[in-house]
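Each of the next two complexes has chain A plus one other chain: chain B in the first, chain C in the second.
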Partner chain A sequence: MIHKTLSALGAAAIALTLSTPATAAEGGPTIDMIKERGSLLCTGHNGSYLGFAEVDDDGAWSGFDIEMCKALATAILGSPDALQIIPVSWAQRFPALQSGDIDVIIKVTGWTMSRDTELGLQYSRPYFIGPTNIMTRADLGVSTPEDLEGGVFCINAGTSIERIVADYMGARDISYEALNFEKPEELRAALYAGRCDALAGFGPFLAATRFNAPNPDDFVILDAVLALEPEGIVAREGDDSFIDVINWMMSALLMAEEAGITMDNVDEIRANPPSSSIERLLGVSPGVGERLGLSDDWAYNMIKAVGNYGEIYERTVGDDSVYKLPRGANRLWKNGGLLYPLVLD
Partner chain B sequence: MLKIWRNRTLRGTLIQGLVLLGTVALFASFVLTARENLVSQGIATGFGFLERSTGWPINFSLIEVSDRSPYSRMLLAGFLNTIYVGLLGLAAATLTGLVVGMMRISSNLVLNILGTIFVETFRNVPLILQVIFWYALLTHLPPPRGAIDLAGVGFLSNRGLMLPAPALSAMDLAILALGLLGVLFSARRMGGTRSGLTWVLGLGALAALFTVLLLTGRAPDMPLVSIPELRGLRFVGGLTVKPEFAALLIAIMMFGGAYVAEIVRGGFLSVDRGRLEAAKALGLSSWQIMRFVHIPLAIRAMLPALTNQYIWLMKATTLGVAIGYPDYFMVVSTSINQSGQTIELLLLLMGGFLAINYVIGGIMNTINARLAIKGRS
Partner chain C sequence: MSDATLAPPPGDSRLAYLRRRLFSTWFDGIVTVVSGLALLWLITTVLSWALLDAVWSEENAEACKDAAGACWAVIDARGRLILFGLYPYEQHWRSALGCAIIIATMGLSCWPAMWGMWRLLGLWLAGFGSFVILLHGGVFGLEVVTSEQWGGLALTVFIFASVFVIGMPLAVVLALARRSNLPIISWMAAIFIDTVRSLPLLTILFAAAVVVPFVLPDWAQGTKLGRVIFGFALFYAAYQAEIIRAGIQSIPKGQEEAAQALGMTYRSTVLDIILPQAFRNTLPSTINQVVITFKETSIVTIIGFFEVTASASAAVGRGEWGAYYVEVYVFVALVYFIFVFGLSRYGAYLERRSRLSHV
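Here is the complex of A and B:
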């Protein structure tokens, strides 16, 4: 069934590509569907995934992934409220996308070869670089992994983190002791009790663990990155114009940060654009919307609604949030990070 | 045909053969179906993964392992860890049980009440809770830098108990073990009245030889005793009893001890009063009655129940997974996650515990048979 839907979609996409001129101003089938429905169906979580998709007592969603959903909804439909968050578990997200229950997966989904090639999915460029970090007790005065020589690492048993730590420490010839726990609860208890000097894991998980500690200030997350996992936004394979919109949405958020355009000063800058590329970005001169099948002020609306990439990061998982996750690889290229905007000509 | 059916022996054999055949066929079909399904899902089967390196380490092992060790060696390390904590746990539980059991049957009221409280407390709380309780207690000790100093040579912290240890190499230990075996063997061969003398001479010779070897065969500045010393984040040198191991051992000792105590009490109470009175009438002292009548008879009554208890306790070591003790179960379960070879690893897990418990059962049955009163079944 899924396969049939998929091939039909694929065929539709191919037909669309063939029948339209190269400078198409049309949205793909997904965008048409979203526009017709008047709302974007985006992923939430079954419960709260701290920092990325959290739901409060009133059922209101917040978090980094949710902000990305809002940005996409604003880009396509002009309003961050034209959005429905559908709660899905980790395992449900791919079938839910294929069956059309959701339009897009924005749910810290690592870009792996098997998912990209075997599940009928198409990835956008990474919107978040997921680091494997080390969190350690502040009173140890440790600043690099080398300082943890001989220390005890608490690690979730049976995860890829076990191997990542072994490789990283082995390559640097730092001796350590791995204490592996099956359950996150026991892992946390051991860390809070001081049984281990450090906890290695996915950066956001560490940030949430620190936030939930009896005293969060007792723990610091080291800058060192043991491994990276690029997280992409996922759409159904074959709808290239939808992926284009997602990639340019991401690019606009980064370009805004690079140019210092924020939620607060976007009107000011639009009234008096410093360069021609910013003129194009904010829709002062035409082109940015037409080529994607969107309105020309989509980027302006989006920045007005959710801010630039840095603002979204700091608000949800970074320094302005409770998690204080260092930006690390998620900084702009000019600040030593891995993120960069594409060229808007 | 009917005639064969009427023959009772033949009929019995035939039915048994058919049942056996059916069982084998059933299991064969299970294996084949599983294999077919796995192959159709593109999942690799077989034991080839045992040669691959694991890529992850464990923090406690009796043999040398690292993240570069193959699965087979990692599994062996886990297996030995299970046997290690299991055997020590059984011994500790037996000792505790003996003491508490004696307290329970003692005529001293205070001892009696203490014994009862012990049994009722530790027998009625689930083992997993006890394991987590002891672990929480041990990990709430001060960190290494604020470790409790035990006379400058030992330290107690949330990383465990650090004790001084004789700085012996594996070679030294091997020589020592071989020597002791030699002495034991020759003493037994000499036998009779001279065995005492052989023992003393043999041990003396071994001690002298070992001392000479120890003093000449090592670097002059190398100390004979390794004392734990705080270096950076950890203690270096000496011997470490890790909290995971200690918590599991204490829990098994207490929980098992409570059960063994009841078995001991039952064993002693099962001895017929008439026999004890008969021994008394023969003029044996109360110690002699204990040594030659009460204990031997009580042990016979205890053994079958003890066998069950030992096997049960051995399986209870798997609770180590809750507190991060890398026992066989934990290593297998991590291996399943990392290698995906679920069925093969579960077979190894079952085979391992089957082997351990079969051996325990076998030893206990042998002891039981030896102790059994001759002429009785």
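Here is the complex of A and C:
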């Protein structure tokens, strides 16, 4: 109910802005605004979204989305500290972008047609591919969804997960029983209490649920992917040069991973670049900055500050974090994933 | 004549009294024993969860996984986040002091000796002024902290106090306007009250935070926090105005006519005769509305403010603490309880104080 009211409000707020499209672009591109202000205004969360936007004991933000904000801030302004995280709720993110409260949305925001076309938003290429997975009790010895024939699924009521599971299981003619819960806390408690055989949900949520279990080893996340949601970085429509910067930032992070450039060895590699495209990437030979309106060492600064894509992933949601979320579709193409850098010529 | 109940007959000791009240029939006896046991079970369960089996300090956080009781280590580790939100860590003392100032200001204005228009005005200007200077900074060598970063208890208390201080006078004006003899004024007040009342608070706050920037020019926007407080105050005023109007209507019309017949001015009639009685008659419902407002401040989380409840959900929203949300919400409930219980006790004191001695 609250959610519906807010969606309607958000839509109303956006409809208001549509009459004056791309207000910020008229006043000069977003990058000029960011440089003039000396800081990037990026999204946080009104609370915490596990693994993506969290607050540590000192009140500082951390998480995958926050690291992406830092990467973007470093690319544009040269320092990960040139960043202000503005807490916004889910409903508030699009109007806040349109009104200029924030420069960019990096907040696990799925790339959907209505958002892309009707809301006047511009998406970057996906920075995270969000899978819907199944987690089961380890003692069942299940390895594929087919093995769960006749099992009980715990599902968050009224979410898209309900439909995704029905579609997936229906297409494979696997019968199952659904147990719906309104709140994530109830869902977790039901799983821990053994009321269901499996829990379907967004991968990162499952990883956190497993971590918080009395004994995390009691649960396994199956490899099967029920659905994928590509999450993009969102900017106001009409500022192509800003989207260019975001796409190339993402590309540089992936290129660094592909070439094995990390936070620790970037200085070494810069001193002794193995190829001409790495030379260009790290700003040894000019060209990578000027065409985007940035300094030539933007990618070097960024890698130095936050590392490559793989490092960011492992540190925040992957194996080096408490969540241990498998990379799955978020691996590089050469490791069987869906991510690839663009060509730096 | 209630003072004259008969004294218990001599020899009716405490034990006999208990037997008479709790075990007079066999059915009473069973009910007493069963509910006594249930109560005992409840108390021991809660006590052993909350105190005996609990893990207290952050150093022992590892023990939480195996502990049967509460994991208060989460409060030890995340308490500052809950109480201060996103306010910069090294500057927490400013937030704490600001919060103390607002609470002291509220406390002082509850004290009858401070009740005078100028005294209250001076008190609140000083209280709010020092709060804003402390939290925002930018003077006296204090680092600037924008209101987007304010949070925790200081923010909750500040929003509550501002809503009350702006909303209450507005409510009085609205209530009087609605009873005005000039049709246009009473009509406009009625339309305003009914419109605001028919909108959900959430809608008003969302509009104030998100939609207003599209409508108003930059110079008229103020800060997001300011707009939200203003919207909240309008909402409070609409409800409070109806409460006050009920109080005014409960006063016999003859009193107002008598005041006019004695040649009292409108101002004096309202301030000396109508309003004091209206407030006294509506004290219970006013306290009700104030308490509701205090609890509703948690709604501002929806526009990204880190008041106590939002900070609490951020506190559990981190891998290692995600399992201990019950402890965190119990802690937050205690914080709310202290304030709300204080408010209702004060309400009871006011009722006793304003009771007429000669009735």
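The rule is short, and it goes like this: the second predicted complex is superposed on the first by the 317 of 345 C-alpha atoms of A that agree within 3 Å, B and C clash if a C-alpha of one lies under 4 Å from a C-alpha of the other, contacts with A are read in each partner's own complex, and residues count from 1 in each chain.
The rule we apply is simple: a contact is a pair of C-beta atoms (placed from the backbone, for glycine too) under 8 Å apart; a residue touches a chain by one contact, two chains touch by 3 or more.
Not measured: the values here are computed from a predicted model.
Peer 1: With both complexes overlaid on chain A, does A:214 touch chain B (first), chain C (second), both or neither?
Peer 2: second
Peer 1: After superposition on the shared chain, which partner residues are touched by A:146: those of chain B (first), chain C (second), both, or neither?
Peer 2: Once the two structures are laid over each other on A, A:146 reaches no partner at all.
Peer 1: Pick one for A:180: touches chain B only (first), chain C only (second), both, or neither.
Peer 2: Once the two structures are laid over each other on A, A:180 reaches chain B alone.
Peer 1: Please indicate which partner A:268 is in contact with in the superposed arrangement: first for chain B, second for chain C, both, or neither.
Peer 2: So A:268 meets neither chain B nor chain C here.
Peer 1: Using the superposition described at the top, determine whether chain B or chain C touches more residues of chain A.
Peer 2: Partner with more touched residues of chain A: C.
Peer 1: Considering only the touch criterion stated at the top, classify A:89 as touching first (chain B), second (chain C), both, or neither.
Peer 2: second
Peer 1: Would you check which partner chain A:319 touches, where first means chain B only, second means chain C only, and both and neither mean what they say?
Peer 2: neither
Peer 1: Between chain B (first) and chain C (second), which, if any, makes contact with A:56: first, second, both or neither?
Peer 2: It touches chain C, and chain B stays clear.
Peer 1: In the complex, go through chain C and note every residue touching chain A.
Peer 2: Touch list, chain C to chain A: 65, 77-78, 80-81, 84-89, 148, 151, 200, 202-203, 206-207, 209-211, 213-215, 224, 301-306, 310, 313-320, 322-323, 325.
Peer 1: Going by the contact rule set out above, which residues of chain B touch chain A in the complex?
Peer 2: 55-59, 67, 136, 139-140, 143, 158-159, 231-234, 236, 243-244, 321-324, 326, 330, 333-334, 336-338
Peer 1: In their complex, what parts of chain A are in touch with chain C?
Peer 2: Touching chain C from chain A are residues 2, 5-6, 9-10, 12-13, 16-17, 20, 44-51, 54-60, 84, 86-89, 91-92, 95-96, 98-101, 185, 208, 211-212, 214, 321-323.
Peer 1: What part of chain A is in contact with chain B in the complex they form?
Peer 2: Within the complex, chain A contacts chain B at residues 140, 148-152, 157-159, 162-163, 166-167, 170, 177-183, 186, 189-190, 193-195, 197.
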